[in-house]
Amino acid sequence: MPTRTEPEAASAAAETYYEIQDFYARQMQLLDQGYTEEWARTFTENGVFAANVQPEPVRTRSAIAAGAAAASAELSAQGIRRRHWLGMVSARPRPDGTVSAHCYALVIITPRGGKPSIGASTSCDDILIREDGDWKVQVRTVMRDDLA
Amino acid sequence: MPTRTEPEAASAAAETYYEIQDFYARQMQLLDQGYTEEWARTFTENGVFAANVQPEPVRTRSAIAAGAAAASAELSAQGIRRRHWLGMVSARPRPDGTVSAHCYALVIITPRGGKPSIGASTSCDDILIREDGDWKVQVRTVMRDDLA
Amino acid sequence: MPTRTEPEAASAAAETYYEIQDFYARQMQLLDQGYTEEWARTFTENGVFAANVQPEPVRTRSAIAAGAAAASAELSAQGIRRRHWLGMVSARPRPDGTVSAHCYALVIITPRGGKPSIGASTSCDDILIREDGDWKVQVRTVMRDDLA
């Protein structure tokens, strides 16, 4: 027995959820295709990337770009194709207009001529903000399951 | 050549679809973090959990909680992190106000210090109902692919 | 600091995104359940299926159905259950009313009594069109990562 009236149209929350899913797809396609500068621009200028695999968070867009470029070049040299799958997204607006989003992330690794496997299983916590007509990541925190 | 007019706004069906994706994410985060009592409350009081891996369906929220707690404690003792990925969701309203949802589910297993792998590939059929301001599962049927 | 007003309702773009996610789920459930004729009808009559694993694109719905039926029969004979996961979807409308959609796709393979694994990691580019009240694929291009 439903306890509230069926909505006649989709809400602002549905709009935000759709936008974040689409943003995550476009964001990680950039990284997976090696466009590391463009990927770094999906973070705010003072964006922070924290991870339990790193001793310290990476701070600012330029440092995030540099770290991504180094990792991307290494994979490329090894002939490995990497894809980031973000899924199981939940999102909640915060009073300051940002959105707190939580998701799971898998890294799928495929060597040229070889078999795909799961390189890492992680959780990903983001603070997202609308800026210049799109979403950007203010703070991302990635926790790898093997280290947790 | 499109055969209908482009919609000007998103529909109630889009709202329901977004809500179910967000519900699935929050529901399985609870289980994967070991909050088995809270997870069981995402089922109705008389909820049913059926699976081809079990001889009989588990009936009522308290029995579902007990089963989940036992499995969660065992994984924890083994140092294994588990994540449930639900995806490829399709959903249809039913005349009685409930929603029939179908999805695929993967269980990703990561031992501490080890490599992630797919513990199980399954299909998941749900009857969902709005209750107390959120979705709840009335009946869930999980079919593991290796046993099908 | 948000740079635009929070929307009060979800947009046509959100509706399209929801419809495509739901379409992808229903489409690939058909293929994974062996309904290859029904699956082929999710392509337009003159639909094209291109892939870097094939020397030439498969053209027309009937040729797509024949190829799918052969692959499905072979898997069935081997006792293998296959699931296609499409995710990380991004979608953009085109001036002619079609939609350009990009996603990642995983093929999950489970032998009867065995362990699931990733059979293939791919990218998938679609041109989608509304026809007879649902989406259909005009052109699909699948690139397997091990061959790229």
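Letters A, B and C mark the chains as written, and numbering starts fresh at 1 in each.
The working rule: a contact is a pair of C-beta atoms (placed from the backbone, for glycine too) under 8 Å apart; a residue touches a chain by one contact, two chains touch by 3 or more.
Nothing here was measured: the structure is a model prediction, and the numbers come from that model.
**Student:** To the nearest 5 degrees, please report the angle of the rotation taking chain A's Cα atoms onto chain B.
**Tutor:** So the copies are related by a turn of 120 degrees.
**Student:** Given that chain B and chain C are copies and touch, would you call their interface same or different according to whether over half of its residue numbers are shared?
**Tutor:** different
**Student:** Would you mind pulling out the distance in Å between where the CA atoms of chain B average out and where those of chain C do?
**Tutor:** Comparing mean C-alpha positions, chain C is 23 Å from chain B.
**Student:** Name the residues of chain B that each touch 2 or more other chains.
**Tutor:** 9-11, 14-15, 18, 87, 117-118
**Student:** Taking the complex as given, what residues does chain A use to touch chain C?
**Tutor:** Against chain C, the touching part of chain A is residues 9-12, 14-15, 18-19, 21-22, 24-26, 28-29, 81, 83-87, 97, 108, 110-118, 129-133.
**Student:** For a test of understanding, state which residues of chain B touch chain C in their complex under the given definition.
**Tutor:** Contact set of chain B toward chain C: 1-4, 6-11, 13-15, 17-18, 87-91, 102-104, 106, 117-121, 123, 145-148.
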